[in-house]
Structure formats: structure tokens, C-alpha cells
């Protein structure tokens, strides 16, 4: 079993399952804050998936997307928290 | 209600994001990126600043209204679109300097065009967000 | 100190230029080489802080990394097993760190360590409220933190 | 994967339509956004999808050595994304103004009887 | 040899992410979920990026890998802090097994400010003081 | 034939708008730039039409890439004529706006957006690329959203929400259509598409694609059962805006319909029948709406719907005569509808309301203005020899030749309804005395002479153009004759774009 | 001839700038114009009576076949003389009648326009040109009827008449174009040549019916007659000119003009006879019940118009001759009666026949004029009316439908009896008997007001005494123009003692009897009003009102103010259309080898995608909806990464983040979603949307399985670096190949920003309306 297959059949599936697990939390909530952190985690895992995918497809340009994700994903979370704090009726 | 942690982080995130946005702008012709994404990232930098320090302080940081960036950006890109007309060429024709410049590569009208796009995007996003944010503030009072 | 750091950087760049290979390992090698040269040259100077600090930084990074791995394992175990072992709580933590950089680095590190999380900081930046997963005694936690992470960090920075 | 994308785009269109049939203006907006997303995926799919071959010429090369993904649909979608952002931004603000005016996002509250015409 | 190192690194990374995911799903309250996820995922992604940096003999990839890790390390604690604070402020309950909550009642509800001195604690403001939930998996 | 000045009518408005943005909040400067810009634009449009008339189809390869690789701009007679009409309407509205639009609105960007709108319209008429057409459509709708909401009154917002939702839906259909079109042909250049579409193996897909364009453009041009946005919104914005909308916006939809169905999809039996049914129902539903409304602009809105049916019917028949009728009607309609909404605006200046129940006494007080209005209104009805009359001849002829008797009936119904509502309006607004219980707020009388002229002059200009179209119909007939020839035989268009080799 | 038409238009326009001048003594110039025109037409009589015609052709819109084609033949000449001759009288009369009126100038403007239009109608040799003038008569009469526009009744009548004639006009237009289509010409003289072609065309009946509707509405035939009594709201000179002498006769002219083209078939003849017959009798009876002088005159006019139609329907040479004579006779006496009525109204202030009597004592010349007209109208021997009546009986007795001979004659008798009585009521009743005290102060009006009716009245007698003049000079030619048949029998006063004479005299006797028995009173008016519900006016107006109600109902049903219902209709239409097309597009075949294999991670992304959609649709929390929106955008972004679109992924992600920020900024104030729809509606909407999604999926599948050519993207791939100096092809497309898109896309962005700015900042003051 070479490394490529290892990535394909072990690493990526684990990441995929992780995404699904996090998504279950997103569905369950129960509060918006739970959903927000689930979203944040999905994005982080996504960066991981992109990284592995970059390795697998030998396309280093795809890493640029990961940079943007890493840099600005938290803005969404901040925005959510900023206004969750302001409104109490959701 | 502002978070000191966020404020502090913004101090170094703002320059990083701006630098990164410029990086995206300049190398857009060769790698993923370009004026749009660059502009969006740059505006996100200021949005972050406004989250941390309040919209008024970001406005102060910018000195001018972001709205004024729009005509400037549009002017630049419109000029680079119609500049070839002066040479009797169809609009939007790429005009290039002969020699490449280090770091950026070939310099041509498309880079100016992208710069215009970059400025417009910043102007637009900031105008939209700040207008809303200031309105939210004034609603409260 | 800054002068030495810049000097070190300059030396490593010269090394890179000499070898003509702009690869990280090469740069790192140049940096270490430069560090060695500088240390030898400045061995008798009164101010030895720079030469202590670089190994300390490395040591701290290693310490932090180990903390992270350790805590991760703990959490992993807790997550995997059906029963919860944690005793969470929100702890009031008076800060020794004063400057912005200190506070920021400290809070980042606390947050990155599994099991601890900054919930908020007081307006005057004197108190941190930390959510801790495995809390047996709040006092003990604060003491441990003061002597562990915070002290090590402040040692490097001050 | 194409089949999955086909199902996804159908669902996007369906959800978009379902949401624009609601009374809430927020849902209307979300529905519009979903429809836009569906369209983007449709264009992306129909332009022909290729895995892991971005249309970026390699550093050392002057031409593509290999198959590459069709850049045209990408450029079109990019334009479409930006345009729908503009529209969405405006629509969101419209929503804000509507809310400030009628104090709800129920579209029925916005309806003005004809007698109020000037 | 290098393959084995890569395999190990990537496995640790993937598992860290996996445990973070499991954690967010299994942990009984919001703060615990948050606490588990932020770092594990960051660690995992960092390790995966390390693999990429090793695999591509290219400075730009290494730079990017470092940049991504760096950005994640900077941003995720901030995001976590912001959302935790918002959650606390809006009364997201703590798990019933929580042993202490020293933040209770510290907020000034009107100004959203957090005083450092417990003496200024407002006695008349109590609704959020006891946020510890009664049920196993917090109230839905 | 590469000609750079094809884009001039677009660029002039782009630069006007940018200059006005630079002169933000300087309303006098903006007004001057606007009038100058629209005037220059009109001159350029005349030059373009003259060139196209004498030299044939002109093209411009933007970015200097040969078609179909770059975006090509094409000026054929249809485009050039519509550009000219847009420019004239723009000029008139620009004059009117200088006084007719409140200073507050000018301070918040009325003029630049108005110019962006004109730019979008000209661009849509001139582009030869289907996706570029989409971009122009978006320029048009976003500027119209802004113009529609400018001022932010409740009715405006109500209208804007509906207008916006349905127009975005239209764009969605349009864009989906483009996606599919690219999926089956791999091209976006309309001339290239007209060639490649015939090579598609599964022609049934072409039919499906065409449906998306029918839906998209159908919503834009407000045909039954897709028209709802129009009567929901056109009565809400300031009159100068409503004039631009009423005259031009739906017509872009009609233009796009004509362009796409003459160049890319040649309408088959099904499409023609479908369009014919749509046309007849559009006329009927528009008529029904128009007869019951007492607010002038609401009534006009339904009249727009009704008359769109005439043009769609012409397209549905797709014979030379039918197209001539549709085109002639299109040209006439642009001028008259713009003017009608300007008149509505003038009426509001004069009386402070647009409700026919509360209006009255205009003929007694302003006989000359009323007379000009009468000319316009009766042009709309199609009282011969005014402009609305001539196209109906062609439409009747085509309908009889092709045995579309339902359309004959619809034409009669539509014309009759128009006549009825216009007569009613004339009686209520101009003849009747002002009702006693209504206090008249005349904003017009106290205005200085110069501003009065600014309000009335555009109406007169458009009226003169309408009279020209009506009395010098021979010229228009010659023009639409040539245009419909170009539409039915697209080879000159395709050759001009792709070159003779293809 | 163009000049004659244009002169009217010209002077009509002149009244706008010189309106003020006209109100002074310059108004004397006004009657000069029709007078000169009248003189011109008089000079043409010799030419025409010798059987020639005068042609004129000036190009106008030749591609459409609409040119200034004029032709002056007997028929045209008769009408032209009527128009200008009576026009002169009317102008003279109206100058005084309206003296000092506020809108004096306007009135003459309209009148000139009308005269020009009318001349145009009768002179045109091109049916579309004819139509143009036809419509101009409608519009000028609209203005004239509504001349007293502050009167609500007046406005209503104007609209009614305009609508009826306008509707007819559109039918006429359709009919004319149909004819033009069949014969491939719009020139009347050429159409006559193509008669066979037209008669044998399958659409011939349509053409006849459309044309007849046009003519019948214009000349107030049953059941469209009711606008004419309403039109009496116009000033009396207008009634005299338009509604007795000229405009209403345009319909008759049209029928006459088209007889050689369409006539001679049972359809044509029967339609005209039946409609004309009903009209003449119906109106004659009605006229007896009126107490308003103008009402009486209106109904008797309708009746006469019915007679004329009826005669044209009979279509024999006798009938046509009768029509042409009766036309002229009626014009003369009816104009006189109207003018007389106008004088009475002007001087006494009332037109109530039950009040008026004995006015002969105070306005003798007027009484003379009225009496002469009444005699002519009654068909007393030695008046022109007598000759007309004679010819009518002649025509009915010699009808080709020999079986119906007595039916037709009976109809004619009954009608004429009514007309005799009506004529006496209008012409005698006001002048004879005792002068009531209230009218003692009444005096003779301006000379210029009583001269015109007197002249017209006297002319009726002159023509009656010497019918040969008109017969030889005009009516023979007229009849010839109508049926293309030489008329040999000249008009005579006395044909010998025969059936016709007996009929004429007995008609006169019975009519007089009816007049004497029939006391005008409001009771009778009330009596006839009881049948109002059954009258065509009531039925048509009722239908109109019902149509309005239906319109209101249909409009509020379809355009009900609810955006969602509009969307529903649009989507349903789209579904129906697309499903139909899809159904007919054959089966789908998929080449499974073309599919790319999805990894587990892709499936996971897709699952998350679907789940997020589900949350979004079902959640009741807005922020959760926004979170799902972000997830969806983010999953899209991952799909873009997997399928080679890094630029897209970047943009999608940044824009998604910004949209989230935007949403959050705006949403936090709003209340959460309430479920506002019932379960049934939710199911319905779900079904509709699933259907739509399914259709789109199927279409996408079908299109995807089609091969696609990639010339253009390959061109981009090959030239992006070599010619456009960039390696990221997407960006090269964005800033170079398709840079124009990008340029204007930034404009879209800018406009949105400006819009947001203005939408939030601009709060208009309530006083500002525009």
C-alpha cells in the first residue's frame, strides 16, 4: 500500500467522516452558538481536506484557497458572536 | 463590549490581511487571485478592524469615506479600458511594457484594470458594511 | 538584543546568498551557523540574554507542543469512552502579564491548549476568565498556570 | 460525481423555489441566493468538470501539458457570484429598511392599499 | 522512510481532527465542545500541512503551509473567545457537572462590560448567575 | 469592419456617471453633466445609426480578440435604432429630472445611477455576446432597483421588493439558459452560437434551452403570466424614473427576445404558438387591468403590459411583415411610453396627485400643455396618422395572412381598451373641473420660467419625435423593412462578426 | 384635393396661435374657408356630372401602400358639397351662436379639423387614407361632443360616442386591411377591379361583417345607435353638422363606397336591409316619445340613417337613387331643424317640446325655416323630402326579393309615419299655437343665426320643385358610382297616380294624425323609460359594466398583491413549459464512463450540503438559516476546489463570509420566523418546488450527456500566456479576453453600493413627492 492509496483510503475518509460528525452537531444545535462553532470546525476540517487534496492532485495552487480560508473564516464566527451577544431573542 | 483580545489581534491581523490582499492582486495574472479576491480580502481587513474597534474608528483610520474609492477605482479601470482607443485599438486591448518587472512580472494595462477593480471592490464592500453599521448605531440612539 | 537578532538574520541571508539556494532548510542552517558564530564572538559580553533566549524559545515551543499533544490525548480518551471524566468550570485568573503582546500570546496559548479556553478578559485587562475541562481545584489550577505557562512565557518575553 | 452535482443543483433550485414561495422576506432573500447557487453549479457542471486540473499554466511551461478544466464557466460563475453579491447586498439592506418601516419581515405587512396612492 | 514519517504525521493529524469532531458531537455543553474542537482541529490541520510541505520540494508550498498554520493559530483562539463570550452572555447553560462558575454575575448587563473587581458585582442582576443546566444534555 | 465608435454611446454614459460620482453632492454640476452627456450621447447615437445605415453591420472586437474569442459589440440597424431611441428618451428624462426630481434624491446619486442605467441599456442593445448581455441586464436591473428605491417611501419599498424578486428570478432563468447554451455549444458569441446551434445533435435540447430564454425575457418584458412585477412597481418611483422604466425596461426584454429568437433559436411551430398564446393573453390581461385603474400610473403600467402583447404577437408570427409591425410598434412605444410617464410626472407637479378622481381642470388651466399631452395620448391609442397607427396595419396584415384570428381579436380588444382608458383619462384629468373637495397643490405655477421649460420641453421633444415617427412613417417603414430583412436573414450579421471565412 | 383637406387642418392649427384674434371681429374670416371650398366643389359639378372623375396622387408612405390618393366622383362630390355647403351655414351660425364663449377659438379649431377629416373621408381613394380621416372625424367629434367639458353628462356622452365609433373603427381597420390583403392593394378603384377575388375569398364574410360594424357604429345603426342621442350634449351647431348632415353619414358613405366592392351578395344585402330596417322603425317609434327637441331630432336622424342603410341593402338602382336623394334631402331639412332648435334653445333656454309653442309670433323667419324643413321632412309634395319618400316606396316596391315586397314596404310606411310626426313636432310645434307668457320676451336672434337655416330650408323647397337639377347634376352620378349602373329615369315631381303616390299621401295623412294625437309629455317619456332595461343601450352599457367588473375581479385575482402567489404562477408556468419540452425530448442515455468517480470526502461534502439545505428550509431561527447558508456556500467552495476552480473557490468563500457578515448585521433585530402558512399550502409549495428541482435536474442530466465542443477554451489555453501574458487563464479571461464583463460587473457592484448608501441615508421629507 503506497502513500497515495493511504491518503485516499484512510486519511480522506476519516476527514469525511469527521465532517459528517460535525454536521450532526450542526443539525442538532441546540443553540445558534453550537451551530456557529460547528460551522467553524467544518471550515477548519475543510482546510485539512484541501491540504490532502492538494497533495493528492499535485496542484499546489489549491493551497491558496486554504490560505484564504484560514485567514478569514474566523470573521464569520466573529460576526455571529458579535450579534448573538446583541440580541437575546433568537 | 469590545474585546481587548480581538482589538489586540486586529493590530497585527490588519497589516497581514492588507499585505495578503495586495499579494493576491499582484499575482492574479499568474496564480489564483486577482482584483476581486484581493479587494474582498482587503475590505475584510477593515471590516475586522471595525468589529474590533468600532466603525467610527475604522472610518477615522481610512480618513476618507470609502464611497470616494468607487469613482477612483471605476475611473482607473474605465481609463485602462478606453486607453487603447487613443492608440486606435479596440477598447480593453492589452497594452504591455516590453520588459518584465521583478516580483510582479509583466506590467500591462490589465494590471491597472485589476487595480481599479480592487479599489472598487474595497469601496463597495466598505460602503455597504459601514453604512449599515452606522445606521445600526444611530438606530439605537 | 535586537541588534544581535538582526545581525543573525543578516548572516543567514549572506549564507543563503553564498550558497544560492533559497530553501528553508538552507536558511535555517545559515541561521544556526550565524547563531553559533555570534555566540562565540560575544561570549564575554555582559548581555547574554539573546543567547539564552533562543534556546529558551525553542524549549518553550517544544514544551507547548508536548502540552498540546498530551492534552489532546486526554481529551481523545474522554471523547472515545462513553463516560465523562471531566470536571469543568470557569476560573477567575488574575494576570501577571501586562503588555498587550504578553496578554495576547498567553491567551492564545491557553486557548490552544486543549482543556482550557479563554471565555473573556476583564475590561481593565487584569483578569482572565478561563474555562477549564479538568478542574479539580481552581486554586491549584491558577497556581499551576502561574508557575507553568505564564512564567515560561514571561521569561522569554521579558 | 456529476450525478451528485445534478442532484445537488436540483435540490438547490427546489429549495430556492420553496423559499421564494414563503411570506417572510428573509426567506425570500435566502431563496434567491439558493437559486443563484443552483445556477452556478449548473453552469459549472455543464461546462464539463475535471478533477484536480486547475486552468493555471505551470510555472515552467508556456502551454498546458495536460488536460485542464474549462476556464470559461469559471469566469462566468465568478462574474455571476460577484453580481449576485451586489444584488444580495442591496436586497439585504432593502430588507433592513422594510423592517424599520413596517417592523416585520412579513411581506404582507408591506402591501399598501391602492387608496394610498398619490 | 519519508513515506512512513508522512503516514504517521498524517494519521495523527487526521485522528486529531476526528477526535475534535467526535468531541463536538459528544461533549455535553457548548463550552466543552468549543474547548475540545478549536485546538485539536488546529493541530490536525497543522500536521497535514506539514505533510504537504514535506511532499512538495518547493519553497512556496512550505511558505503557504507555515502561513496557513500561523493564521489558524492566530485566528482560532480569537474566534473561540468571541463566541464563548457571546454564548455566555446570552445565557448558554453550562453542563450540570460543572464544578464552579466564577464568571457568574460579573457582567454588566447594560454596558456589556466585564468588571475585574468582584466588589462591584451587581446583586440585583441575577438571571444569568446560575447557568448550570439541570439535565444531562443541556435543555433543548 | 472594426469600428471603435460603436461603444461610444456606452462609454459616454460611463464617463458621465464617473464624473458625476466625482462631483458627488454637487447637484448643479451633475445636472449639467447629465444634460451634456445625454445630448452628446444622442449625437453619437445618430452618428452610429447613420453609419450603420450606410455601411451595414458594424462590429467591434473588445480586447482586440477575434470573435468568438473575445466579446464582440455589434451594431446592426436594430441595435443602432434602439440606441438612438434610448438616447433620445434619456435626453428627455435628463431634462425633466433637472427640475422634476427632488434635490434630496440628487444628493444621493440619482444622476450617476440614471446614467449607469442608460449605459446598461445601450450596452444591452449593442453587445453580441450572450453572457455579456446578461451583465448588461444586471447593470440595468441593479440601477433600476436603486432608482426605484431612491427616497425609501413605503410604497416604493413595496414596489421594489416585488420588482426585485421577480427580476432576479428572470435573471436566474436567463443565466440558467446561458449555462445550458454553453453546455450544448461551448460558445457564448451570439453569431457563433447561431452557427453552432445547428450542429447540436440533440435538437430537442435546443428547444428546452429556448424555453429558459422565453421565461427570462418573458419576465423582463412583462408578458402573461410573468408580468406581475410591472404593475406592482411602476407606479411607485419618481416620475422621471418611471418614465425611463416605462419606456425602456420592458423593451430591452422585447429586444432580447427578438435578438435571441432571430439569431440563435429560430422559432419553431411550438414556440410560435406559445408566443402567440402569450401575446393574446397578455393583451387581454393588460387591458383588463388598465380599464379598472384610477391612478394614472397604475393604468399606464397595465397599458405597457397590454402593448407588450402587440410586439410579442409580432415576434410570434415571425414573418417579415409581422416583424416590421413589432419593430415599428417597439420604436413608437419607447417614445410614447416614456413621454406618458413624464406627463404623469408633470401632472403630479401641477396637481400633486395622480389619482384621476382627484384630478381635473388641466385643459382649462394649461390648454397648450394639454394639447401636447393629447397628441401623445392619441399617438398611444393609435389614432391615425399618429405613430401608434402604422404598426397595427402590419400586425393586422400579418395576422390575417397567417390566420391568427385570435390575435386579430386581441389587437382590436387592446386597441379599444387603450382608446377607452385614454378617453376616460382625458375626460377625467383634462376636461373635468378639479373636484371641489380636493385642494390643488400646484407646484408648477410658482416655478421660475426656466424650470418650467425644463419640465415641459422634454415632453415636447418626445412629442415631436412621435409626430415624426407618425407623419414620416415612410422613413420608419423603410427602416423596419431593412431591420426585419436583417433579422430574417442573419448571414450578414454572422459574417460581420465571424468574418467571411467561417 | 389634398389642398382642400389640408386647408381645414391648416386653419385648425392656426386657431392655436391666433385663438385670441378669432375672438374679435376677425372671426368674420371663419366662414370664408368652407365657403371657398364649397365654391371649389361647385365648380367641379360639370366635370363630374359628365361622368368623369378627378384623381390626385401624392406619395406618402408608399412602402405601406398608403398614399394621398384622392378621387372626386359623384358620390364624393355630393358629400363634399354637403360638408362644405352645410359647413358654411354652420360656420356662419356658430359664429353668432357661441359669441363670447370662453373657448370660441377651440371650437372652430375642432370644427375645421372635423371638416377636413370629413372631406378626407369622402375624397380618399385609398382605404387606409380613408380610415385615417375616418378616425379623425371620430376624434374631432369627441372633442366637439365634449366641448362643454365641465358638464359630466357631456363628458360621458363624448366618451360613449368615441368608444362606440372607435371600436367600430378598429373593426373597420381590420376589415380594410383584410380587404387590402386579399386584393393586395389599398386603392379603392383597384379594389373594385378585384371584386371577384374578394367575393370568392373565404374571409369575405369576415370582411363584410367588420366593415359593417365600422359603418354601423358610425352611422348609429341599431344596436349601436344610442350614442347619437347622447351626443346631443354637444352645442347645437355641432349636432346639426356632425350628427345630422355629415359624420353619421360617413357610415352611409362607406357602405355606398364599398357596395361596388363587396355588394351584390345576399350577405351584404340582407345585413344592410335587416339592420337598416330595424333601426329605422325602432328609432322612428322612439322619436315619438321624446320631449326634448334634440332628442326627437336625434331619433329621427337615426331612423333616417336606418332608411339609408336599408335602401343600400335593397341595392337596386331605384333604391340607390332613393338613398342618394334622401341623403341630400335629409341633410338639408335636418340641419335646418337642428339650427332652428338651436335658436329656440338659445333664446328661450329650453328645448322641452311640451313647453314650447307659438314662437312663430316672435321669430318669424325662424318659424319659416322650421316649417319648410318640417314639410320637407314629412315629405309634403313640392319639397325635396317628398321626392325622397317617393323614391323609397319605389324602391321597396321594386325589390328583387319579391316575396318580401310588402314587408319592406310596410316597414317603410311605418317608419315614414313616425318621421312625419317627428318632423312636425320639431318644425311646427314650437312655432304654432299660443305663445306662453314666459316666452313673451323672446326675440329674434342675430341675423347670422337665422339666415343659415332659412337658406337651407328654402333650398329644400327649391330642389323639391326642380328635382331635375340635383338629379341630373348629382344623384345620377352618385347612384352610378354605387352600383355601376346607368340611371336612366330622371327625378320627377310627379310620376303619375300610382301605388307610390297613394302610399306617400297616406303616409302623410297618417303621420299628421299621429302628430295631432301625440301629445308630448313627460309621462310618455316615463313610459318609454320603463323599457330601458331592454334597450340596446342598457344592454351594451350593462355588458361594458359587467366587463369592468370581470376585469376588476380577474385583475385582483391574478394580481393580488402577494409576491409569493406571483412566484407560484411564474414557477408553475415554467414547470409546465419545461416539463412539456422535456417530455417531448426523448429518453436520456448516460455514458457511465464519462462520470468522474467521487471520493468519500466528496460524498460527505454533498451530504452536508443537502443537510444544510434541509435545515435552511425547515428552521425557524434566522441565524441558523444564515449558518446553513454559509455551510452551503462553503460546501460549494469545496466542490470548486475539487473540480479545479481555485479562483472560484476563493471568491465564493470571501463573498460568502461577507454575505454572512451582512446578514448578521441586518438580521439581529428581526423577530424569528413564524410559520404563516397552513400545512396544505406547505405541501403544495413543497410539491411545486420539488417538481421544479426535478425538472432542472433532468434537464441538466440531459444536457450534460451531450458532447460539447471546446474550441474557445482551447484557444484560451493556448494563448493565455503567449498572447495575453498570463498563466491563470481564469484571470486572463476576466481581465483580458472577457474584460468587458468584468468592467461592467464592477459597475454593478458600485451601483449596489450607491444604492445601499442612498437607501439607508436618504430619508425624504414627507412634503417632497417627486
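Every chain is named by a letter (A, B, C, D, E, F and G) in the order it is written, and numbering of its residues begins at 1.
Here, a contact is a pair of C-beta atoms (placed from the backbone, for glycine too) under 8 Å apart; a residue touches a chain by one contact, two chains touch by 3 or more.
Predicted model only: the values in this text are computed from it and were never measured.
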Any chance you could name the chains that touch subunit C and subunit E both?
B
Which chain is most remote from subunit C in terms of Cα centres?
G
Look at the interfaces A-D and B-C and say which one is made up of more C-beta pairs in contact.
B-C
Using mean CA coordinates as chain centres, what's the gap between subunit A and subunit G in Å?
70
Subunit A and subunit C: spacing of chain centres that average the CA atoms, whole Å
26
If you average the CA atoms of subunit D and of subunit G, how far apart do the two points sit, in angstrom?
48
How many Å are there between the centre of subunit E and the centre of subunit F, using C-alpha atoms for each centre?
57
Where subunit C touches two or more other chains at once, by residue number:
107, 118, 120-121, 123
Which positions in subunit B are in touch with at least two other chains?
1, 3, 5-6, 9, 16, 30-33, 36-37, 41, 44, 47, 67, 70, 74, 78, 91-92, 94, 124, 128, 131-132, 135, 139
Among subunit A residues, those touching two or more other chains are 15, 17, 19, 29, 36, 53, 59, 61-62, 64-65, 67-68, 71-73, 75, 78-80, 82, 84-85
Checked against the stated definition, the touching pairs are A-B, A-D, A-E, A-G, B-C, B-D, B-E, B-F, B-G, C-E, D-F, D-G, F-G
For a test of understanding, state which residues of subunit D touch subunit G in their complex under the given definition.
1-24, 26-28, 30, 33-34, 37-38, 40-42, 44-59, 62-64, 68-72, 74-75, 77-79, 81-83, 85-90, 92-97, 99, 104-108, 111, 118
What residues on subunit B touch subunit G, complex-wise?
24, 28-37, 40-41, 43-44, 47, 67, 70, 73-74, 77-78, 81, 91-92, 94, 96, 105-106, 108, 110, 113-114, 116-117, 120-121, 123-125, 127-129, 131-133, 135-136, 139
Within the complex, which stretch of subunit D touches subunit B?
54, 56, 78, 82, 86, 89, 93, 96, 100
Could you pull out which subunit B residues touch subunit D in their complex?
30-32, 36, 124, 128, 131-132, 135, 139
Using the touch definition from the top, list the residues of subunit A that touch subunit G in their complex.
8, 12-13, 15-17, 19-20, 23, 26-27, 29, 32, 35-36, 39, 42-43, 46, 49-50, 53, 59, 61-62, 64-65, 68-69, 72-73, 75-76, 79-80, 82-84, 86-87, 89-90
